[in-house]
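Pasting in a structure now, in structure tokens, and then I'll have a few things to ask.
Chains here go by letter, A, B, C and D, matching the order in which they are written, and residues are numbered from 1 within each.
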Amino acid sequence: MADKPRLSRQAMCDRIAMEFQDGWVVNLGVGIPTLCSNYVDPSRDIIYHSENGVIGYGPLAPEGEEIPHLVNAGAQKVTAAPGMAIVHHADSFSLIRGGMIDATVMGAYEVSENGDFANWRFPERKGGGIGGAMDLAACAKRVFIALVHNTRDGKPKLLHRCQLPITAPGVVTMVVTDLGLFDVTPEGFQVRELAPGWTPEEVQEHTEAELAVPDTIPEFRLRA
Amino acid sequence: MADKPRLSRQAMCDRIAMEFQDGWVVNLGVGIPTLCSNYVDPSRDIIYHSENGVIGYGPLAPEGEEIPHLVNAGAQKVTAAPGMAIVHHADSFSLIRGGMIDATVMGAYEVSENGDFANWRFPERKGGGIGGAMDLAACAKRVFIALVHNTRDGKPKLLHRCQLPITAPGVVTMVVTDLGLFDVTPEGFQVRELAPGWTPEEVQEHTEAELAVPDTIPEFRLRA
Amino acid sequence: MKNKVLPSFEAAVADVPDGSTIMVPGFGTPGTPRNLMSALVDQGATNLATISNSVNRDIAVLVEARRVRKVYCAFTAPTHPSRETPFVRMYNNDEIDAELVPQGTLAERIRAAGAGIGAFYTPTSVGTELAEDKEHREINGRTHVLEYALPADYAFIRAWRADTFGNLQFRFAQRNFNPIMAMAADVTVVEVEHEIVDAGGIDPDCIHVPGVYVDRIVKIPPEGIFD
Amino acid sequence: MKNKVLPSFEAAVADVPDGSTIMVPGFGTPGTPRNLMSALVDQGATNLATISNSVNRDIAVLVEARRVRKVYCAFTAPTHPSRETPFVRMYNNDEIDAELVPQGTLAERIRAAGAGIGAFYTPTSVGTELAEDKEHREINGRTHVLEYALPADYAFIRAWRADTFGNLQFRFAQRNFNPIMAMAADVTVVEVEHEIVDAGGIDPDCIHVPGVYVDRIVKIPPEGIFD
């Protein structure tokens, strides 16, 4: 089956970023989620927090203007936003556990309709890469997941129940994929918007979990 | 019985301060112990810590040179010693609980021969005034007590067992009173030095606990 | 960045409801939010709980007006029985509730509330009357007692310098309980002694309280410094 | 005040015995004590344990030389299975021990060690495999797990500025784990990137690690900056 075009990773992150409200403190996970900070809406001030204790960083530093000591959670060189503050690692996670993160955006291997997600370990291998994901997942006010809808060999990632060891139970409230935007509700995944040209039936074919589909589905909002 | 002259409070604190070793971090309790910082030995650097987060304060501020924001645990205006650092209250008690205080000097109502002491409450009244005494008593490397040997009506304060609710069990290692210097050992109070002119028998008369007396007792060391 | 500066102490404390728990920093005079406390007296909220090192003169005003149901602090009796205060008399007559907390445990319980730590084990108070009703646990050969986080609805903060977003700096011993209380309370209200600068006007490496913890800021007029 | 400046990294790590537990800060490059770690490689100590955010390139050198018995960190597997390191192979072959700790829990366990807190309850990891063998407790309607303090014999620190007594400042994200590790270790050894000034040369209100926690200081020569 030759698929229709899917959303770009930047379009996925633009759409997530449109959900950020003025004044929110937002933590962006490594990988796809870092693209959220490329979406700039001048009517909203977003305070980007990084696990290493940077509160209020700005866009990636232009080449030649990098400050070696100012990096985000992905070790990318970033700029300082006005009003930036620095704390140490224990204080940075105090802020996370203390409930000061309005939204965290993370990547995942799987998300399930009950709001679980998995992003740290494959059980056939020892160990895992947890980083700060469990702290953020357990304690942020909102957990948003950004992930491509299917694995490279076409397997679905929006599942009835996660197969991999989970990062936190029941915390995900919204998921963006390259096929659309989905709310996680008590009734499971609810379609909010779909990628241009895709029908609910087509997306359901790529999804294990049953999608709840409203009568009318607005078009996926792209950057103006 | 007309007593012989007793030691002054300053002499008591001078003697305690002679025990401080170069580089020690020392916390001085409110009351008599604050006088320890008046004893200056230029061969030793003592770092005075105060519960409110001041690490490395100097002598009391001369009149007219007070800094309103720089006070010790007794709310006295003090000066800054070179290398002073400021931390917040939780970090200040992290330093105490973390075992960084080489010696704390506190006042007390009673001390017992097993190293208990009491300085925070009279059981016939509700409540108490504990301040930071329990943290310091439980966690400082050495707990030194400075107190006058007897109450105003002549009752002893060096006891077999404390009668008042204790501040910490078995922590006191040295006691200075206006009658002498005493080590707290597994055998109880051991006389180290006595106030000039006082015999062990005379001091024992003013003491409930049995004093261990060495064959020779050096004279109480006074400020040169 | 959001500008959190308000024109008056009155506006800054206007919404404090009856029944609130309020953190009041200060150790001696430095770092005590005297103007906010004075505004709270005028504002009228009652049935309050306070969390502080001691029942200082500003809390005492509220206590004596019978507007405080409970205090958490490190001093619920005078060290010298002669120095009896109205609070101590009311406490001995069961007219107000109080919880005596060792100062380091108090600081750590406040810090835990801000840090999302539910409870912790400390060696402080083991073997004393204050530990009698507490859970004990041996950890690494040492006995500890269990202590719980102590959160609040409001923290009243006294800072030296702020920016308009609420990044704060303190001067010397003024810092004391202020940063941990700002982190632990739902709403943090700040009185600023020296100056309020534009957002970004404070060195990011020398900020004692990040602005994300701060909700309202008021500049103290010259007559309100009180030191 | 005591002058804690030493002439070389070699001198600063000379006494590290076999079997030591060493804290290694850093998050990405900033704040990583690369010169002290390099000196430790030359020094020869073995049977070590390390506490760090990840098995970074400097720890990896020791691991690959089979001088590390155990690592505590937040990453014991690559996020992409293709990025397999020698450490990961050794761990999968049971040739080295590892304890995977969520990053915030790791930071808090280190902080607890420095703060004299034996253990604490955190909501992080509840409901996951990492919490399976841990004690659980409901606090205020929320499930927490019990986590213990994680101390060390040595902390290797990378600071921006120091005074000769050991008061330290960090620059931006260089701070990360450095202050809490300096507090938690028995012996704290510092490499200083920018400058070492006389005791008292740093504003007391802008010190990130008080000198009482610091034992040894070495200035990094220009060729050791590495950033």
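By definition in this document, a contact is a pair of C-beta atoms (placed from the backbone, for glycine too) under 8 Å apart; a residue touches a chain by one contact, two chains touch by 3 or more.
None of these values were measured; they are calculated from a predicted model.
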Smallest count of steps, each to a touching chain, taking chain A to chain B: 2
Comparison of A-D and A-C by number of C-beta pairs in contact, larger one: A-D
Distance-maximising chain from chain B - centres being C-alpha averages: A
Separation of mean Cα positions, chain C and chain B [Å, integer]: 29
Distance between the centres, which are taken as Cα means, of chain C and chain A, whole angstrom: 37
Distance from the mean Cα position of chain D to that of chain C, given in whole angstrom: 32
Shared-contact residues (touching 2 or more other chains) in chain D: 108, 111, 115-117, 122-123, 170-172, 175, 204-205, 208
For chain B, residues contacting two or more additional chains: 80, 86-87, 90, 93, 96-97, 139
Interchain contacts (touch definition) - all pairs: A-C, A-D, B-C, B-D, C-D
Chain C to chain B touching residues, read off their complex: 27-31, 53, 74-79, 81, 88, 91-92, 98, 100-105, 107-108, 110-111, 122-130, 160, 170-180, 208, 227
Contacting residues of chain B [partner chain D, same complex]: 22-23, 25, 45, 47, 49, 55-56, 80, 82-87, 90, 93-100, 139
Partner chain C, residues of chain D touching it in the complex: 108, 112, 115-123, 137, 139-140, 142, 144, 148-149, 169-172, 175, 203-206, 208
Residue ranges of chain D touching chain B (in the complex, touch as defined): 1-2, 111, 113-117, 163, 165, 167, 183, 198-200, 204-205, 207, 210-213
Chain B to chain C touching residues, read off their complex: 30-31, 50-54, 67-71, 75, 80, 86-90, 92-93, 96-97, 121-122, 125-135, 138-139, 165-170
